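Listed next: structures, encoded as structure tokens.
The two complexes that follow have subunit A in common; it is paired with subunit B in the first and with subunit C in the second.
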Partner chain A sequence: MNQEALRTAILDSLREIAPQADYGRLGDADDIRDSLDLDSMDILNFVIALHARTGIDVPERDYSKLGTMAKALAYLSAPAGGSG
Partner chain B sequence: MPALGADMEAGTLLRWLVKPGDAVKRGDIVAEVETDKADVEVEIFDTGTVVALLVGEGEKVPVGTPLATLGPAGAPAAADTVSPVPPPPVAAIHRAPPPAAAPPAPAPFRRGGRVTPTARLLAERLGLDIAGITGSGIDGAVTKADIERAAQAPRGPVTAEPARLRSSPAARRRAQDLGLALASLPGTGPGGAVTLADVERAAAAPQPPRKTEAPPPPVPRAPGPDRILARRRAIAAAMSRSNREIPHYYLGTRVDMTNALAWLERTNQDRPPQSRLLYAALLLKATALAVREVPEMNGYWADDAFQPSEAVHLGMAISLREGGLVAPAIHDANRLPLEDLMAALRDLVTRARAGSLRSSELADPTITVTNLGEQGVETVFPVIFAPQVAIVGFGKITREPWAVGDLVGLRPIIRASLAADHRASDGHRGGLYLNAIGRLLQEPEKL
Partner chain C sequence: MRTDWPPIVKDPREWTVAPNLVSYDAARAAFSWEAARAELDGLPGGALNIAHEAVGRHARGPLRDRTAILWLGKSGERREISYHELDDLSSRFANVLAGLGVERGERVFALAGRIPELYAAALGTLKYGAVFCPMFSAFGPEPIRQRLGIGDGRVLVTTGTLYERKVAGIRDSLPGLRHVLTVNGEGVDSPAGTLDFGQAMAAAPAGFETAHTRPEDMALLHFTSGTTGKPKGAVHVHEAVVAHHITGKLALDFHDGDVFWCTADPGWVTGTSYGIISPLTNGITMVVDEAEFDADRWYGIIQRERVTVWYTAPTAVRMLMKVGDEAVRDYDLSSVRFMSSVGEPLNPEAVDWGRRVLRLAIHDNWWQTETGGIMLANFRSMDIRPGSMGKPLPGVDAAIVARDPGAGVVEVTDADVEGELALRPGWPSMFRAYLGEDERYRKCFAGGWYLTGDLARRDAAGYYWFVGRGDDVIKSAGHLVGPFEVESSLMEHPAVAEAGVIGKPDPVAGEVVKAFVSLKSGFEATEPLRKELLGFARQRLGPAVAPREIDFLDTLPRTRSGKIMRRLLKARELGLPEGDTSTLETT
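Coming up: the complex of A and B.
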């Protein structure tokens, strides 16, 4: 999956959870959790949605590696971050 | 018009889902009602035939106003004449979906007319469809023994993949609106049930020929300023009443979460995301279980006396994104396995935020939990939802110095607090209750 497809998958997954947020203002370095006011249930739903879209299963200990768009892209496109 | 919460005075009937002549079963969702706080799916409390609808769509009526008349099963529909029927008691099932828009219409998942609560829980755990099971109890009620028998019987074509056909009413309605076939959707709810979140996800998923970008997922109807103001006023009225009428007392304690989090990590590491548990599920289960030790926390203050509740319907304070909160119930939370409790919690949060709660969920919590979560602060001093008599609060988990034997170590600590009604209990009993929660959390594998 290339970076643009991943970015789309991440944004679509986030929109599913927080549809009313302003995604135009979410910068690559912004903290996703703080910017969108996500709680732990939202994060879990985000990981579930991401899994459904991309097949990538993010283990719980790696949730913190999805903190910003830039981090999430780096993590999800790394070979080790794959579909384990 | 049912009272969907103690503070509700009136409701607006948004939509009828049945018409005169329709057969309905106890628990079917028959109408949607708008209150100051939320849109609610109203469940019917008896089985029979709809004789007449007494309140029109869009009409706002006070609590207690009859909405419709119900006759015995098979009764003819009366267009004009109105014969009031005394309201029988409450419970829950669902409506069969109308002929679906999508061609492969899924067989409706029917829960039978009379099912004992233990039987229902067991059936859900085993993924059995109660409709296919013959009841041997009183009035043909399906009992736990019937479920156990059915579980052992070889499965015929009737029960082929029953779990895939399970779905929540909100999910069915949304799927119908979107023209999606429920049977084709993977379910992540209890017993593989298709939940509202699953439907939204399927709707948002990219379509097969994806040249163009997938359409953005449907945005839940954003409440207007009027709605937000009304919701604020409803909360103001409920909280003012609580502070006026209930002599609160407050207790707090710190709970070491080391065992709970370690167990959770081990449990979750082999699970796919949709089966993972949040520590909130452990907090809820411990809170629900602890009332068996101090029952005066669970029930209502009414008629100048404490009315204990046998069942534990655990209210869960859920903050809404556009402001305000609702506190719907997870029914029989003390008896749900953690997986089911987690699924119920996810479903409830999703539906609360999508504005599709059910009448029984709003009407009957017996004790409430407010969990500020990881983004919150250390301690919460909550306000009781009248007529309940207790609310348990959890702050965020922080790493703190903690004495272990004669040494000090860093441990993940959560601050549990209790606000309780001094008319119903005293600080000593409240303390026992809060300590029981802390103790139960030390053995997460037993929750």
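Coming up: the complex of A and C.
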């Protein structure tokens, strides 16, 4: 999956959890949790939504590697990043 | 739930440090609240102030240079704040309040993550003789507005970011809120209409003589939710510190030299009673981690900081379980002498996992906002029956009661009979009021008992087992959510005709908030509208309260008097028999 498609998948998954958030304000280096006002349950649901869209499996231990858009893109597109 | 898990048997030969409570029966027999009170200093003339017991007395004694707060920042910062320094910071904050003309007894609210300034503000407020009221930073503007309004907040301590996102838009509706202090990043100006916290502290004089508050003076205001109506502000007084102190010793086994980590946020009662007050009155070092849950970070903190007592929540334990056994093996958790949890019942599978994988016995305990401190506990010296919340603390009398139609209650003395958990009033940290709501307060008491609203049973050995809530309040990740608050917010949307909100069972959080809505004519139940409603509720309520799921229904089931039948919605959601609805319809 290329970077732009991944970015879209991440944003669409986040929109399922927090549809009202201001995504225009989310910079690549911003903390996703803080910027979108998400809690731990939201992150869990985000990863489930992302898996449904992309087939990528993110082990629970790696959730912290999705902290910003830049980190998430790097993690999800790396060969070791999940099984998808 | 299976209740036949083998008990975790305690072996005194394994104790390198003797528990504070060695024999439960002997400790109960010997206990008196007067003796517990004598462990505190007090102030001249019978005055008592939580801040003095927590920091003031230590700052002038042998613990002066001991680390009170070991603060760990999100970005890897590490800051040690000594008892002496924490006392100085709280004095400065008390002087900030004096400079603003705040009166004793007025409410100082906080809305912030776990930043050092929050702790200075909490203790400074108490030292000044004002009332501290913490809010959870994951609340949206509506819960914040309601709490500040009901509590008549005079001062708010928050961050510039949270202010702009959640408070600026509701400020006009809060005329009583005179002052807002914001913590801002380096070189960032405080938002318009607020004062910079750092500048105010720097300009304030050092040194403040602790207010000689009376033991029955209001000290803390903690909001909680009921089935109906607005959130309730549970009032706690300075005398509560007697219970904060002694329950830390007995139920959490605090010893001199301990490094204690309470993972709860001070936005909730656990994070104040045991995330600020109790460890400090006991003179130990407490870890404060600014970051949110992350398994490797948590295990790393325990290993690196040599945490000896760890108090967390069942939801967090289940999240650690999900992360898996392998992560645990990368860390040395052997420094932990005692592990405990609170928030919702800890399922026996989690207790078993703790024993096998963490190699720690997890001691569940029970209490609630109204009780101010731990009331039932699995003690370090006592065998654990997995799934049970333990036995009443020394000084606390508990019972299972049945509500009598004649408005009284009858104690159920037989073992293994379900009823409502009740406590005999009189422990120091019992709430003294729901602020401004005498009728709601009075309804919590009957026949000489405080009725907790929780259903439970007691086994033949005296262990208590949680059964469920006696009302429709939702318990999500250890936090109570009032369905009415959520329904009211959804009803503000132009498409919504009616809304019913339930707790849907969830393997991690215990329950999650789920809403059922019916639409006004002219609106169609579509996926975009569902998302719009989810977003609409989140915008107002924040992630801690907003529904995670919304389903559309043509109509919601109602009683004949017009109340939405949440229990029926829940029964349908779970695929359970709907019960005898004929009686429900006539209530």
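Some observations on this one:
As a convention for this text, the second predicted complex is superposed on the first by the 83 of 84 C-alpha atoms of A that agree within 3 Å, B and C clash if a C-alpha of one lies under 4 Å from a C-alpha of the other, contacts with A are read in each partner's own complex, and residues count from 1 in each chain.
Just so it is clear, contacts are C-beta pairs under 8 Å (C-beta built on N, C-alpha and C of every residue); 3 or more make two chains touch, one makes a residue touch a chain.
Everything quoted here is computed from the prediction, not taken from an experiment.
In the superposition on chain A, A:63 contacts subunit C only, with no contact to subunit B. In the superposition on chain A, A:33 makes contact with both subunit B and subunit C.
In the superposed pair of complexes, A:41 makes contact with subunit B and with subunit C alike. In the superposition on chain A, A:18 makes contact with both subunit B and subunit C.
Which of subunit B and subunit C touches more residues of subunit A: that partner is B.
Of the residues of subunit A, those at positions 15-16, 18-20, 33-34, 37-41, 44-45, 59-61 touch subunit B in one of the two structures and subunit C in the other.
Contact residues of subunit A toward subunit B in the complex are 8, 12, 15-16, 18-20, 33-34, 37-41, 44-45, 47-53, 57-61. If you check the complex, the residues on subunit C that touch subunit A are 138, 140, 161, 165, 292-297, 319, 322-324, 326-327, 477, 508-509, 512, 531-532, 534-536, 538-539, 542-544, 548. Residues of subunit B that touch subunit A in their complex: 186, 188, 197, 200-201, 204-206, 213-214, 216-220, 222, 265, 268-269, 272-274, 276, 278-280, 321-322, 345-346, 349-350, 373-375. Listing the residues of subunit A that touch subunit C in their complex gives 15-16, 18-21, 33-34, 37-42, 44-45, 59-61, 63-64.
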